[in-house]
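Below: a set of structures, written as structure tokens.
Across the two complexes that follow, chain A remains constant while its partner is chain B and subsequently chain C.
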Partner chain A sequence: MNVIGKKVRKVDGQELITGRAKFAGDYRFPGMVYGSVKRAGVPAGRITKIDADAARQLPGVVDVLTAADIPGPNLIGVLPPFDQPLLASDEIRYDGESVVLVIAESAEIARRAAEKVSVTINPYDPILTVDDALAPDARKIHETGNVTFTKKLIKGDAAAAFEGADVIVEGVYETSNQDHAYLEPETVCAVPGRRITLYASCQSPFHIRGHVAANLNLPASSVKVVQASTGGSFGGKDDVATEIGALACIAALRLNRPVMIAHERAESMIGSNLRHAARIRCKTGATKDGKIVARDVNVLLDGGAYASESPFVTMKTLIHAAGPYTIENLFVESTTVYTNKTYCGAFRGFGVPQVTFASESQIDELADKLGMDRLEIRRLNGLKAGDANATGQVYQQSVGLQETITKIAESVETSAPTTEDDRYLYGTGYACVAQGISNGAEGVDVTGASVQMSQDGSVLVGIGLTELGQGSRTVWAQLASAILGVSLDRVSVRLVDTDGVHDSGPTVASRSTTVGGMAVLKAAEEVKKSLVTMAGLMMKTDAENIELRDGFAILKMDDNARIPIPDVATAAYWTGFPLMNLAFSKAPDADYDHDTHQGDVYIAYNYGTHRMDVRVDKLTGQVKVLNHLAAHDVGKVINPLGLEGQIEGASLIGFGFAHMEKIRYRDGIIQNANFADYALPSIKDRIPTATIPVEDHNPTGPFGAKGAGEPPVAAAGAVFANAVSDAVGVRFERLPITREDIVEAIERGNHD
Partner chain B sequence: MNYLKPSTVEEATELLGSSQGMILAGGTDACVYMAEGFCDPETLIDIGAIDSLRGIETQPSDDGDVLWIGACTTISEIEASEALPRALRQGAHAIGSPQIRNLGTIGGNICNASPCGDTLAPLLSLEARFVLRSATGTRTVESADFFTGPKQTVLQAGELLECIDLPIDSCEWISAFRMIGNRNGQAISQVNAAVSTKLEGGVIQAMRAAVGSVAPVPLRLPQLEGALVGKTLQSVQWADLKAPIMAEIRPIDDVRSTATYRQELAVTLIFDALMDCARQDESARKGADT
Partner chain C sequence: MNLHFICNGQAVQIDVEPNARAIDVLRDVLGLTGTKEGCGRGECGACTVLLDGKPVNSCMVLAGKLEGRTVLTIEGVAGADGSLHPIQEAFLDVGAVQCGFCTPGMVLSTKALLDENDSPTIDEIEDALSGNLCRCTGYGKIVDGVLEASERLAQGTQEHGAKP
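For the complex of A and B:
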């Protein structure tokens, strides 16, 4: 049976549900000790003294490390020059900064000992807003200044085009920091030996390997990183896994004992990257018949203390500020600045949720100003195959935006319940999104994968990208199963291990199915060649007359002429045909101008249209989502169950971003670093998302597929804002739109 | 740290008197405080295994029959008990998650004395009495007098909460509870409210209302109670409630909410609880007709 497009259960579902999957915190090694760090506790300042005597004297404490004990450069980061220390040596740039690492016989002792370390800090006035950071006389958080990264996208002549616009809308839109809030906080376990092995809850093992080796001052070849089962990541387990991974390895080699570092929830929120808070000034001009002629956007991102992924997030906001629309004249400037707050980096959506909220708010405002239908204005301006997008890139196929709009327009009209009770307000919102798939011009898209078949016909797949709960392992297994004609239960996908496969870059940018899938496909095709060649020899025919299906090598012209695949595999082995292949896949080079941001960026885009119907309680501000439809062009659905999971999960993150979640700072200290006060949606807040797949074949993905993990975040966030604005009759320009905000807006409306 | 696990109340009060230790019941608050470093007790006295502190039953008392609730009765048991008034069961249901409710106790919710504790407003509206016990004797305190500030109570050194007495007649009144938090599940109340009403033909003969999280302690609202007596529940308007409630509450801005929003919520939650009572009364009367 061909499993492509079939609803299949997660191949690793059973081991996860039954508790057999091994997470980093489940590892136990003889003699293992535990690490915990002392954090700065103030947002800015200079260390004048570290006194760890009290900690050292605590029974069970094994070692205490400061910056001076790090063999390498004591720096990590994403884009050189790196700016983030593992342990701060002099300057403190945010409250959660790690200063001293304590190693003890138990996690409890380590934590208590870390509390006893005294770090004297001469405090500075913290810089806590983007405006303060950009003030001409502002203190420099880094030697390079307070601008982390700034870029412009220039297409056509926006300033001139506004002259010809009949209507112009302008606004300033703000969004807040959001925490990844994965179930499993960051955890690593380092085991010393001739080579050091790091078991890590992580997203990008090769990235970690590089930084661990550099900070150990050892060659990368002496470090092996194994991804443990990972309880969620959403972009959050890159930098921090590198930080604690390197620290654990350094301690493990000093002590010659295994070292585990596992974050508490508060550490996971304070000492690990967040989603960038944004302030977006946006101006859009259109003709009186609704055609958008120009847009001018200025994006300011608060990146916190370190650069992390900020350069790439900045770039992503530039490229996506136009939304999925044809806008011929576009000027976008995007800047990330340093502040004395928790650093910001990758988070599912990667800058796109922020700019999509601004963009989609303005589309509604334009429609209202012009008296146009809100869906119609999106259709009118929406990209089609052959159109040039924001960077001038033209796709001749797989631009399924219009079909997602059509699907939403055709969706059953759920009329607002007519009720005599005037307690509730009802509203409907729409939002469209486009999100680039692959690293594209932001980096390089290489992936390694291995496929090996045993003589019994079972298949083992290895790949350099990570399963984080998104279901990629199932997709890769389906691809190998489809190519090699064996059933899914005969395919295993092993843990990622940096020894076993080519450096595949990070597991980001919704690239696992698309870019990762192509590598698996390529390796599987090589193994298939051996099998069909062997079967051809066995059936005395040419290899091209053989197909692999249902566990057999089958003669295409006669279904009854078939040989079980294990027999073919065994014969191939004994004949000397290779049954394993280590493939390397590289997406086409991007042709891109990094000054104007014009050219080809991504191998594909995912397009989507959402509709949301809400009921707002005027007295409490509670919002009940009555209906949420999410149509996405995913090229080709590989696993409908997995796709639904991705779209529902991403939508809930978008809903939390738009309605509930906000990191609250006071004087640079996070006030709600726990799940009681940080309003992460609970199961009772789940929204009724219905997935509507659109399949516009993508030539650059396996079987035509495109990634889908991120795009619904942006669309769900924007559609919530539009639906609530529609219900309340007031435009909300700040996310999250909390219950308080809604009540306040209604009150204000009553008094006007 | 010394961990003591007495099996009788006598033993518990003696240990408490001699050690000045901290009481541990379900541990859903105490363990969090210890982990966060808010407290570091030398001695922990776990009363969770004392059978006589657990249960719900009718008992005679000097002031007529009472419904007796042992302090270590779990929140889940409160939630599930059909003998208990609706407001208290709804309050119990609003606490945490099923796991927390299975461990947490009503005595713990009371003695933790958080202004947002979800069983507190119901207990005040039911005029519950708390029986406090020490090695030297017992005393009874009205629920409305028990709380003296956030996390502060009249409990003296060496005293523990033994049980809660609910006057039987207040259990026969129609009651309801409402809360709102920053999400729908596992939320801490930004405001909570309970009302308990004695009705005749839909007319309020007597009522008690209480709110939480709008003052340093859970509050009874006597002005509101006086204003509503003699009215029919059906005729109560949101706007009628506002002035008497505002006169008594003193909400603040904090990490969970703002004072302004809390004011609005206090009125709305009392209103919603009253409407819940109206629906209960209506269906009870319909039931009586048939």
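For the complex of A and C:
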């Protein structure tokens, strides 16, 4: 059976559903000790004294480490020059800054001991807003100043084009910090030996290996990173996994004992990166028939204390600020600044949810000003194959936006309520999104994958990209199964272990299915060559007359002439045909002008259109989502269950971003670092997302597929804002739009 | 203190610190690491186990409270022969598992619900699982999994003439 496009179970589901899967916190080694850090507790200042005597004296404490005990440069980050210390030595740049690491016989003792460490800090006035950070006389948070990264995208001449616009809309849109809130807090476990092994809940093991080794002052080859089962990541288990991974390894080598560091929930929220809060000034001009002629956008991202992935997020906002529309004249400037708050970095969507909210709000505003249908204006301006997008890149195929719009237009008869009632307001929103697939402007994109067949016909896939719950392992197994003609239950996918798989770059940018899948496909094709060649010899025919299907090598012209694949594999082995292959997939390098961001950036885009119908309770501001349709052009569906899972899960994250979730600060200290105060959507908040796949074949992906993990976040956030604005009759320009905001807007409306 | 209880059908006798948490006894003393800790404050449900058939957050239960009682963890849900429980089968078939960290707790809360109520409404499902957070799935497929499981259990009951 060909499993491509079939609903299949997750290949790693059995271990998870029985509780046998090993997450990092589930490892137990003899003599293991536990680490906990003392955090700064103030957002800005300079350390004047560290006194750990009380901690050392606590029975069960085995070691106390400060910055002076880090053998390497005590720095991590994504782009050089790295700017984030593992343990702060002098400067404190955010409240969650790690200062001292305590190691003890139990996690509980380590925690209590860490509390007893006294760190004296000479406090500075914290810089807590982007405006304060950019003020001319602002204190410099880093030596380089307070601008983390700034870039422009210039296409055509926006200023001149506004002259020719009949209508112009302008607004300032704001979004808040969102926490990843994966259910498993960050955890690592380091085991010393001739080489050190780090078991980690993480997203990009090779990236971690490099940083851990550097901070140990050892070559990368002395460190092996094994990805434990990972309880969600969404972009979040990179920097922080590096930080605690390096600390655990350093302590493990000092003590010659295994060391586990497991964050508590509060630490996971305070001490690891968040989604950037954004302020986006956006101006869009159109002719009276609705054609958008110009857009000018200024994006300001609050990046917190360290750079992390900020440079790449900044670029992503530039490239996506135009949305999935053909706009000939664009000027976008995007800047991330340092503030004395928790650092921000990668989070599913990667800047696109913020700019999509601004963009889609303006599309509605334009439609309203022009008296146009809101879906029609999107169709009119929406990208088609052959159009130049924001960076001037032209795709000749796999631009399925228009079809997603059509699907949404067709799928529901308008569900505007027929009965007026006093208690509720009803509204409908639309939003379109485009999101680039692959590293693109963020760097070279190479993936290595191995496929090997045993003589019993079973298949093992090895790839350096990670399973984080998104179902990638299942997709890769399906690809190998389809090419090699064996059933899915004969295919396994290795855990990622930096010794056992090829470096495949980071697991980011919705690239696992597309770029990772291509490498698996290529490797499987090579193994297939050995099998069909062998089967050809056995059946005395040419290899091209053989197909692999249903567990057999079958003669194409005679279905009855067949040999079981294990027999073919065994014969191939003894004949000396290789049954293992390591293949690479390399996306074409991004080729663009760094000053204007014009050029070819991504190997493909995922396009989507969402519709949401809401009912708003006028008294309480409660929003009930009556209907949520999510149409996405995914090129080709590999596993419908996995795809729906990605779209539903991402949509709820987008909904949380737009309606519920917000990290709240007071004086630079996070006030809601727990699930009682941080409003994470529960099952009662779920929305009835229905996935509508559109398949516009993508030549750069396996079987035409392209990734889908991120784009629904942006679309769901924007569509919620548009639906609620439609219901209430007021544009909301700040996310999240909470119940209180809604009640307030309604009351204000009543008084106007 | 000395503690006796039944865990996954087996009598257990262990010595624990009086102020130990049930989750630590299960994970660290008995090695049942299928029970997960997501918050340690009773706010996420990842640590859900059944105590005398009722779901509890094991991070909020002191070990002493287990004395003389019956505990079911995820490790005890599948059959001794390794055959999956219909809830587990249903969850896998509908795609209710992504990262799997919330899954043990979800399965146990579902079991407690279906043991009491073999054909729950959507509202009843939402009530029963409202203490179990999941960041990956968006919950839709978890609700599908519970509905699917209740149907399968009902069919099983008809076939075998008795409640499994």
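Operating definition for what follows: the second predicted complex is superposed on the first by the 745 of 752 C-alpha atoms of A that agree within 3 Å, B and C clash if a C-alpha of one lies under 4 Å from a C-alpha of the other, contacts with A are read in each partner's own complex, and residues count from 1 in each chain.
Please note the rule applied: a contact is a pair of C-beta atoms (placed from the backbone, for glycine too) under 8 Å apart; a residue touches a chain by one contact, two chains touch by 3 or more.
Nothing here was measured: the structure is a model prediction, and the numbers come from that model.
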Where does A:Leu680 make contact in the superposed view: on chain B (first), on chain C (second), on both, or on neither? both
Quick one: is A:Glu744 in contact with chain B, with chain C, with both, or with neither? Answer first, second, both or neither. first
Look at A:Pro688 in the shared chain and tell me whether it touches chain B only, chain C only, both, or neither; answer first, second, both or neither. second
First (chain B), second (chain C), both or neither touched by A:Glu526: neither
Tell me which touches more residues of chain A here: chain C or chain B. C
What is the contact status of A:Asp63 with respect to chain B (first) and chain C (second): first, second, both, or neither? neither
Looking at A:Gln671 after the superposition, I want to know if it touches chain B, chain C, both of them or none. Which is it: first, second, both, neither? first
Using the superposition on chain A described above, determine whether A:Thr18 touches chain B (first), chain C (second), both, or neither. second
After the superposition on A, what does A:Gly232 contact: first (chain B), second (chain C), both or neither? second
So chain A touches chain B in one structure and chain C in the other; where do those two contact lists coincide? 675-676, 680-684
Once bound in the complex, which stretches of chain B touch chain A? 37, 180, 182-188, 238, 255-258, 260-261, 264-265, 268, 271
Can you list the chain C residues touching chain A in their complex? 27-28, 31-41, 43-44, 46, 73-75, 77-78, 84, 88, 91-95, 97-104, 107, 125-126, 129-130, 132-143
Over in the complex, which chain A residues touch chain B? Could you list them? 115, 619-622, 660, 664, 671-672, 675-677, 679-685, 738-740, 743-744, 747
What residues on chain A touch chain C, complex-wise? 7, 9-10, 12-23, 25-26, 28, 180-185, 229-232, 234, 264-265, 468-471, 641-642, 644-645, 648-653, 674-676, 680-684, 686-689
